[in-house]
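In what comes next, subunit A is part of two complexes: it sits with subunit B in the first one and with subunit C in the second one.
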Partner chain A sequence: MKKTQQIEAIMEVVRIVAGLAIAYLVALLILVAISKDPVFIVRQFILGPFSSPRRIGSIINLAVPFMLCGLSMCFMYAVNKFNLIGESIFMLAGCIITWVGLAIGNSLPMAVMVPLLLVIGAIVGAVLAFIPAIMDRKLNANVVVVSLMLNAVIAQLALYLLRYFMRDPGISFIGSYETPASMQLPMIFGKMRVGSGVIIALIFVVIVSILFYKTSFGWKMRIVGSNPKFATAVGLSTLGISFAAQLAGGALAGVAGATEIMNSYKRFQWTASTGHGFDGLLVAVLAKRNPILVPIGALFLAYVRIGADVVNTSGDIPNEFISVIQGIIILLVAAESFLSGFKNRLIYKSVQAEKESAKGSK
Partner chain B sequence: MAEEVLRMQGITKIYPNGFMANKDVTFGIGANEIHALVGENGAGKTTLMKILFGMEDCQQGSIFINGKEERIANPLDAIAKGVGMVHQHFMLLPSLSVAENVTLGVEPMKNGLFDYEAAVKNTQEIADKYNFKVDATAKVSTLSVGQMQKVEILKALIKGAKILILDEPTAVLTPQETEELFEQLFNLRDSGVSVIFISHKLEEVMRICSKVTVLRHGECMGTYDTKDLDETKISRLMVGRDVVLKIEKEDPKPKEAILEIRNLKRFNSFGKAVIDGVTFTVHSGEVVGIAGVEGNGQSELSEVLAGLSDFASGDVILNGKSIKGLSVRQIRDKGMAYIAEDRMVEGVAGDMSIEMNIMADRFSKKNYKKNGMFVDARKIRKETQQLIKDFEISCDGPEQPVRMLSGGNIQKVVVAREFTSGANFILANQPTRGIDVGTAEMIRKTIVRKSREEGTCTVLISADLNEVLECSDRLLVMRKGKVVAAFPKANEVSEDTLGEYMLGIREMTPEQMEGLL
Partner chain C sequence: MSIDIVAFLADAIKMATPLVFAALAALMTRQAGMFNMGVEGMILCSALGAVTGAHYLGGVWAGVLCGILTGVVTGLIIAFAHLTGKTDLYLTCIAFNLAATGGTVFIMYLLTGEKSTTSGAFRSYQIPNINIPILKDIPVLGRILSGQSLLTYIAVLSVWFVWFLLKRTRVGLRIRSVGENPKAAESVGISVTKIGYISFLLCGLFAGLSGTFLSMSWVTFFMKNMVNGRGYIGLSAQNMANGSPIGSALVSLLFGATTSLATTMKSQSNFPTEFLEMIPYLATIIAIVITSIYSINKKRRIERGGK
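Then we have the complex of A and B:
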């Protein structure tokens, strides 16, 4: 039966690769119909993101919030609570840390400022995640509905803070005053222009992975998520654990928002929800709720997005179409049963071969 | 030999998890025959029947009905070809009448609308033909389990089933209902229906079947005339060794009271008492069995004792302290271990590793942790490997997901955890349901051994009469949320007597039970 586990692992990789191949093939077929130069477009889509160090750097920068939001959703996903509040936490945490940063100014060194703002972001996230979590627990209000509704409210709150307390009247668009240099994360890797936020993201990947697989809390959380009735019957506090996991997930979404502002912006200038919370869910699905795989999921999503940008600026097809291709790719990668018939036949063959050889050796 | 109506030739079935459920199985039945299909659980009986009924496909093999090769694509196809199946779990619509359930799918129509009168008439006709005593206009929700089973059989017959599969039909029946079922099966046989009778209960097989086919580990061990066999021989064919059907045990020496239940009451959401004033005490060193037809408060009692549900009044004292208001964790810390009724729901987390499942109740305790928050991976791995060895769990290793194991091995994971938790009160609810004879025997023996050697107190709730009679020292019978009978020595009670109390034909007075609770 060891063989069975091996086949399951190998087929996982085959499935993803085949999914990608089919998605690009479908894209190519559609492009033939609507573009003058379909092969060029597809090539741009696949290879464009790697065509310059700057673009590779962009992939990494884009992957930073994806990673942190993906980790955030890993917590929600682990306990099977689809608390989607991360979407607005990301925005409000970015807003609040900008506000705090502006208030502190350049009086603190970066080594103090950055951790401080990350902690504030985390607190904002935990406090906001508390609302849907407690309503789910005490009022039996569906956590998906509550968190989605709250997202709208919180996004407006962030916008209100921006307009009435932080807005810089000296610029042509809606944005805050410029943040102090002590909270603007420096670039690394020279030409690639990668923000050092990637280091923060990777540190959190390590911390969350250890939390999931090496700590007692992580074990509890995974058992609760896998079978809550079983968890209750063996004496785990199912409600408490799923509650704590949601707060931790919220805190990480807060860290994500804070990191994104410090890594990629000089002002807080989001006037609408950014979609990062939902991207986080996507990453968590791609990573199969395993924090160790989150960087891969995040980099993949970032690569597809940058590919779309490249095509958008250099090709003759509309942006909306790029979203369609993205959708197909992600769908096929996430579809767990894709090729399962093929996998089952492989398992069947290997078991039979095993039995035959067992018979032979007798 | 009678004409062969069904032949399954060289059937091989491998499940997607790599489990080979049937290996080159060949199986045939004749007309006018009650044919037993026996084997340990996981031997492939149900799988073979699901293939015949079109619920599973097989990788190799062919099926012949009346000598003609048939491909059975789905259950509808199977019904059309004259195969009917009565599942272990009934598939009935409780809010509809018997006639509506029976004619479902073959509804008589009048002017484009369902003709209820005709449905009742058709149902009654077929019931009378086979001498089934059911009221076609009664609502299914008002029927007893035995009557529901009749409705299930009628459902198959009205569609013209000539081959009827019964999957462990007597598991849910009382002894009296079982007798009635057997009468009906004889009637069916005499009127030309071939019956495939899947059962664990060998004495039933010996009584009603003319032939028996034995499966072992997915392979066919042959078809025999029952008159050439006896129970011991069948069980030897099934497991390849002699199973001791009796459990040898010395008399219990009950010591101090460990579990005291005092006038316990619990109500359901409709305000009906599901536990209605239950009182009894279990001592160190004894096994108390609770028998009863399912749904008479045993599950509810088990939930209360396991801390999974609150109760309205009365009290439960475990090791000198009331468990009222305590969490499952606190009750477990007071000495409770729990083998859950449905292992896939409360016994394991299927997607998690064997290791996490075995350690689920203890990894968060101090002595399994390092530096406060980290699990002590090395110690956990070592203990898991030891338990896998001690309980003979056949698996690839501690990291294999539990869902990949067979039913018996999954239950071994459950008992490896619960028997080693250090508890002195074991609550075992249906501990051997649906698992192979070998594992069941191991579990039963361990329950008895722990009570004798370690002085644990055990409450054994089981629908398997043989199990409660063999394992228990004292025996209680529950009916409608009450304890209606108590016997000082379980192995001196006959199944018939037990059946009368379970069905409410007899009831003991509190005076009769005095000193036995």
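Then we have the complex of A and C:
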């Protein structure tokens, strides 16, 4: 039976890689089909992101929110609740920590300010995630629909706070006053201009991985997600555990929003929902809800995004085509029957071989 | 601040039309046991399909046809991924909606060079409004009920059609039986997959009509993200009405009224627009809370009665 499990595990990786490869090929095909200078554009798309230290740095910077949002969605996805509230938590947490940061000013040192703002972001996230989670637990309301509706409401709330409480009238676009220096994370790695937010993200990857694989809560969560009937049968509180997981996921989305503002922005200037919640879902799907693999998924997504941006600026190809590619990736990785025939044949063969060898030894 | 009640009600009916179609679309798959969030993206694609068809084929009806066709094709894509590819339906729909949001902008850019709207590049076509002979002469009712878009009246007929299909035809019975208990249905020889495809086909038809209404009647062009959650609102409407076509239409009408209220207030007061924008979504959440509490209480009452 061990052999079968091994094949399952290998095929899981093969499936993800094949899915990514197909999606990547589709992306290249689109580029070749619509571009006037296909060779140049494809080169730009593949190699462009690595063409300068600055661009490599921006891949890492872009991967920071993807990692944190991916971790957040790992919690939701682990208990099979597609709670998409992370999308608007990201925006509102960024908004509220900017507000708090502006109020505190430069009076606190960075070593106090950054953790304080992260905690505030986490609290905002947990409070907001509480709404769909409690509706799911007590009212049995559909968590997807409720969270999507709430996203629309919360995005407007953040916009309202921005426009009426912290808008800087001195700049041409809608944005807050400049945040104090004590909440702007310093750059590391010299030329690459990587924000130190990546350290925060990696710390959380470690914390969440430990929570998932070394604590009883993580174990319970995974059982509830993968086999709810078994979980109920052994006396786990399915509702309670999935409720707690959603709150934890919300808190992480809040941390993500806070980190992103401190890492990459000098002002709060998001006037619409940023899409990071959905990107987080993609990362969680790619990582197969395993927090250890989240950085890889996040880096891949960031690489493709930067590639699209390079193509967007150097050719006339809109970077929206990436969202189509993202959709294809999720579908292929999520499709159980994608390559399942191949997997089943492999398993069948190995079992046959085992039988043969068993006969031989007799 | 004075509100013209008659204009408000007429506007509410207009705003409710895409919601009614969205609710019917979601209802078709729900009756077959599938919670299809992809309605949102399907409507968005259809809205673009309709204006594109109308522009290139040069006619209103070609546009309507293309809109419906886009709805059906996108519905079948989701059906293929879910029924044949065995993907998780929630994940499929989220992925599809994501792809639709970006994909429509992408296609629009390829066709017109614009990224936000087709209003400049495409000729605009409008589905005619219909004046109903006798009704239009009745003082107040005439102004509310007559002179609406043709699709609004088709929406009313569609509600009846869906009811008839589900309750009075063989296909409808099969769809409902698959939704009720797929294994039982399979055991008497009904192909669950085939019924699934049929329900997605019908879902696509209504999603297509919803999109067509948005881009050829509500306004006469496509704009980025123009569906703006209407698919989800329609989905919740049919959820609240527990899958009844007539109930779904009535709840949609209520949501149409909240949207209309938001637009009316925006033009008539200097209240922060952000809060007015929230109204339709907040109304949906509140309605979900109320109906959930009601159905939970009802269940409890039944349980207590059973003792």
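Rule of thumb we're sticking to: the second predicted complex is superposed on the first by the 318 of 362 C-alpha atoms of A that agree within 3 Å, B and C clash if a C-alpha of one lies under 4 Å from a C-alpha of the other, contacts with A are read in each partner's own complex, and residues count from 1 in each chain.
By our rule, a residue touches a chain if its C-beta (ideal position, glycine included) is under 8 Å from a C-beta of that chain, and two chains touch if they have at least 3 such contacts.
All of these numbers come straight from a predicted model, not from anything done at the bench.
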{"item": "Touched partner set for A:285, first subunit B, second subunit C, both or neither", "value": "second"}
{"item": "Partner chain(s) touched by A:144 [first = subunit B, second = subunit C, both, neither]", "value": "second"}
{"item": "Which superposed partner A:20 touches (first subunit B, second subunit C, both, neither)", "value": "neither"}
{"item": "Which of subunit B and subunit C A:326 touches, first, second, both or neither", "value": "second"}
{"item": "First (subunit B), second (subunit C), both or neither touched by A:156", "value": "second"}
{"item": "Of subunit C and subunit B, partner touching more subunit A residues", "value": "C"}
{"item": "First (subunit B), second (subunit C), both or neither touched by A:119", "value": "neither"}
{"item": "Residues of subunit A contacting subunit B in one complex and subunit C in the other", "value": "340"}
{"item": "Of subunit C, residues touching subunit A in the complex", "value": "35, 37, 81, 84-88, 90-92, 94-96, 98-103, 105-106, 109-110, 115, 229, 232-233, 235-236, 239, 272, 274-275, 277-278, 281-282, 284-285, 288-289, 292-293, 296"}
{"item": "Residue ranges of subunit A in contact with subunit C within the complex", "value": "34, 82, 84, 135, 139-142, 144-146, 148-150, 152-153, 156-157, 159-160, 163-164, 278, 281, 285, 318, 320-324, 326-328, 330-331, 334-338, 340"}
{"item": "Complex contacts: residues of subunit B adjacent to subunit A", "value": "14, 16-18, 20, 23, 59, 306-308, 327-329, 331-332, 338, 340, 345-352, 356, 360-361, 363-364, 368-369, 373-375, 377, 395-396, 400, 404, 417"}
{"item": "Residues on subunit A engaged by subunit B in the complex (per definition of touch)", "value": "1-5, 214-217, 219-220, 222-223, 226-227, 229-237, 340, 343-344, 347-348, 350-352, 355"}
